[in-house]
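These are the structures, in structure tokens.
Two complexes follow with subunit A in common, the first pairing it with subunit B and the second with subunit C.
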Partner chain A sequence: MKSNNIQQNALKKANFKTKIDLLVKFIFAFLALICACVVIFIVIFILVKGIQPFIIPDGSGATQNISDFFLNPNWLYDGTGGMSYMMLATIYVTLLSLIISVPTSIFCGLFIVKVCPKSIKEILKTGVQILASIPSVIFGLFGMGVLKPIVKGFANAVGMQTFGGSSVLTGVLVLAFMTIPTITLVSITSMEAVDINLSKASLALGASNQQTNYKIVLKASQSGIFAGTILGIGRALGEATALQMVIGNGGVGWDFLNVFNIYRTLTTTMLAGIGEATGIKYDIRFSLGIVLIIVIVVTNILLNLLKNYMTRIDKGEPKDKNKIGIIKNIKIYLEAYVHAKKN
Partner chain B sequence: MKFSKLSKLGALALAFAATACSSVSSEFDTSKAIKLYSRSAGSGTRECFFEGIGYSEVKAEDKWESGVTVSSVESNADIMSNVGGEEYAIGYCSLDSVSSVSTIKALKFEGVEATKENVLNGTYKLKRNFNYVLRNYDDAADASKKQACEGFIDFLTNTTEGQTVISTNGGIISARTDLKSFKDIESKYAIFTSDEQLNIDFCGSTSVETIIKAAVEKLTSLVSNKKLTYTLNQSGSGDAVNGITEGKNGKLFGIGFLSREIKTDEAAKLTDDNARGSFAIDAVVPIVNAKNTSYTETTAEELTKMYKGEYKVWSDVLSK
Partner chain C sequence: MNNENNKDEVVFDVKNVNLFYDNGAKQALKDINMKIYKNKVTAFIGPSGCGKSTLLRCFDRMNELVDNSYRDGIITYNGEDIKDINSIYLRTRVGMVFQQPNPFPMSIKDNIFYGPRCQGVKDKKILNEILDESLKGAALYDEVKDILNKSALGLSGGQQQRLCIARTLAMSPDVILMDEPTSALDPIATLKIEELINELKKKYTIIIVTHNMQQAARISDYTAFFMLGELVEFNKTEEFFSHPQDKRSEDYITGRFG
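Entry: the complex of A and B
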């Protein structure tokens, strides 16, 4: 009888535990669902609001002209503006900022993980972490107060005239400052995860410290660095406030190619004058939002594909032997070509 | 060892930055290009400025002539700090904020200094009136609507509360001694003290929106009838008279606001029963950098030519 009771109690407890498990599972599933729903809801909301200006006339009867939207080199809010050049400028500014921030972040990460003495490692790491959490408007103020005068002086020194230092270059610098901590932090994590035995083996083979750092540690952590770069790109593409404070918001067509010119990006245009906008001048910003979402999604997909591709080549698991063969062949041809040129 | 080297490098970088900053020459070089600044599209100050100098094509949108680059900034404070940071800049800002910054210089417009007195006595021309026009409620059934509209205008123009709202939101008004408090006029309008549910729709200029929005908030917080509401449907001065006479999208509005004078063809649609008037003045001042000592006076023509790109460098303007 007694043993039966104990058995029953144990069963009851087990039952209770499975029920709790089930409940927790549902709660988690529910929370995950909410997160997913919010993303989907935001995208649908932006899509619906963004397509409206093309179809439904606003209070004054204005709609966005579709051919102008793609072809007009100038941006106007009244329904005849074109966004193509702004889109290109957004990508251009992001790319330029990455040219500065990616090498800086990689070497900064390498220094923190491998080179610097342990005593200051934590201090530096905390510093970078704090930098990563600084709000963008502070970077904007920094850009206005510090970078603008420097860029202005630099432009004067090379014989150019800027709008008081507001320029594409200042925007690029601010974005670089903003993306450095993001990329550095992820790089640090991935470099710390590199198997110590790899470095030891390299050292044992007679490679110097720096050779090991560059050829082993960087190589082994490249997918992490790449992931950090993707995060950085996301931050740079979506940045509005800081950029708006330094980029000048003006310019038409290909003006942005000269880094001392002022220009506008998708985000700064969405933000400019939003407080006083009504009708189509307000709604058209959602259309720009769609363009921005598409740009961000496409860049992310492309970069992730590239990342997977690179890791696949590295790990030597060619699923698609043909393509990788072609890439390897191109590499061999290039090397042969460079070699031939040298001689 | 390494760190002393690093710190030296840092010091070098700082020194470079400092020289880059200080290499800006303090002398005003008239062969440099005029750097044009404007408020961003949709700003009321921008509308007032470009209407005032007679270059209406760009008052609402960035429809600059090709080859003209204009930097659009967000606010009055922004345009002042930008003009203050660029020796060769020209811009404009609203009158009430201009005196507070030392790095910029206000220009005389057509020989008249921009002051509140000159705006009010009409000699300073870079300004516009904010006007209102009331719908003619001739049906006796609309008596409470009529009261609600008249009460709002009375609140805006004749009470200390209303006038404070106007001046804190950038409108220029003359100092008056005959102002009442809202409590004094509340009893004049039965709708303010009853509990009748009523909504009045406004239409017209977007430039007055900040003032009217603030006034509506103030009035609805003061009034005892909490069911009385006012809704803003601002879309542009062009809709003001149409909105109260013919209506728009099947809706007739109670009060139309204009950021300009009523045109003659619009006045033809109105009768003497349509109460109308001006409740505030908006004025804009052209500004340059304080280092630009040689340029002190400007005209509508010069400003238009600058923003059209006909004057490209400062010597073009100064040699006139």
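Entry: the complex of A and C
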């Protein structure tokens, strides 16, 4: 009798439940739409504002010359690198900081997950988490107060000059400090997710702990470490405040190649003096914004493609299939097309 | 335990072994005494949680990886206390195959090369010899000889488990420990592994933990029956299954419990 009751109730409620499911689905879709709209709105806004300086004359009747924008080292202010140089400097600074932060983070993560005693593991992990949540301006202050004097002393010691410690190198160091916690945290997560049976198998084969860590744990977590690096790159590329406080905001052309020179990146140029800027000098920052968005989107797409490729290898799909997959598909498609034409 | 007249060479001699987990709160092994004989298959059977896998892990000191556990008593390997043998060296002599097939996420070739490479073997010629020998030894050679550079994770479960055995053979160990090697496999793959074990015992000493009594009866020379951390009975397999000495063994064999 009881089961009969349950069935009758279930029948009554089933229609209601279906409606609720539908409603929830719409609510979720609506919320997702809002998020998508915000992103699209921001991009459109930056695009419209950023294209204006090239087309519409400002109060003084000036428009921005496109070739100057890209290449003239003295464009915008005297002694300002052209946009292309700034873009390269942004990528350059990010790459240099990654050279420091990626190995440091990987070994830091490996130490926390596999080497250090369990009792201090949680403390260290919490420490890294706190570091990851420290606002960038604090890192900037740290850079100004601590790193600048050190870099200045180091530069003098090797016979170079800096602007009171402000330099590309100081910026690189600050960015490295900022990205280490991010990359470390994600690396920790992926190293902890490595199947413990793999480590055991390695140990049972007579490998030492360190051999197991390098050959098994690092290898099995490489796609996770890479994901952390992508996040780190995102943070480094988009960082403005901390970088602006230490990098000096000057320099022309290829100056940035010498790490002891001051320079400006896309982000620091946008930020520095935005309060006083008027007319074209204000609007042009939006154009720089477009460039920054493009740089970030392109890097992310490329890195994600690379990451998917690595993940597929991890999952054991044959390498050669992935490498020539796209070309092969196009070829097959073309062959089919030619064949169809013939008939 | 009437192996007094046995002339077989003893590989492992277990004397008064007790093992505790959780800082002594749980006793997993109670006063175990037994001998493992050379070039024989010894099967450990018993209900879940009876300590058979725990004892198996003692032989290559993998039990030391478990936190808050300790073991007393003496286990000797060829007459030497295993506590005095460097654990890394011991594990090159005593290989282990796990319950779940766990090949490394690399190519089949690199899986086999992993152990020798960790010992510093770099010579391509020697490595390739090891590759051929161990794959043939694990009856896997014909199936994978054309896909040696493909990922090991693309193999079927049974093939993966045989690869894990091959990986162990690559170290040319004396003893192979197997912790329920067929419990994750289908009957056909299980049969292949059992046939393989019959081949392997000519060259190696094998200790196998199994849930499956028929399996123990089919492949082993000696059988040890465990219950609640105690070694209830240890005897030649035919003796054990035809004339169990202990009431509990008899109940277990006849399927009255477990």
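Here is the rule we go by: the second predicted complex is superposed on the first by the 292 of 343 C-alpha atoms of A that agree within 3 Å, B and C clash if a C-alpha of one lies under 4 Å from a C-alpha of the other, contacts with A are read in each partner's own complex, and residues count from 1 in each chain.
Throughout what follows, contacts are C-beta pairs under 8 Å (C-beta built on N, C-alpha and C of every residue); 3 or more make two chains touch, one makes a residue touch a chain.
Since the structure is predicted, the reported quantities are computational estimates derived from the model, not experimental observations.
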Inset, instruction - Applying the touch criterion given at the start, work out whether A:202 contacts subunit B, subunit C, both or neither, answering first, second, both or neither. - result: second
Inset, instruction - Considering only touches as defined above, state whether A:149 meets subunit B (first), subunit C (second), both or neither. - result: first
Inset, instruction - Give one of first, second, both or neither to describe whether A:261 is in contact with subunit B, with subunit C, with both, or with none. - result: first
Legend entry - Which superposed partner A:252 touches (first subunit B, second subunit C, both, neither): first
Inset, instruction - For A:215, select first, second, both or neither according to whether it touches subunit B, subunit C, the two together, or no partner. - result: second
Legend entry - Partner touching more residues of subunit A, whether subunit B or subunit C: B
Inset, instruction - Over in the complex, which subunit A residues touch subunit C? Could you list them? - result: 118, 195, 197-198, 200-208, 211, 215-216, 219-220, 313-318
Legend entry - Touching residues (chain side subunit A, partner subunit B) in the complex: 59-60, 74-78, 144, 148-150, 152-154, 156-157, 161, 163-166, 244, 248-252, 255, 261-262, 272-273, 276-279, 281
Legend entry - subunit C residues within the subunit A interface of the complex: 60, 62, 65, 67, 88-89, 91-92, 95-96, 98, 100, 102, 104-106, 114-115, 118-119, 150-154, 164, 167-168, 171
Legend entry - Contact set on subunit B toward subunit A in their complex: 17, 19-25, 32-33, 35, 37, 39-44, 60-64, 66, 69-74, 81-83, 85-86, 88-89, 206, 209, 233-236, 239, 248-249
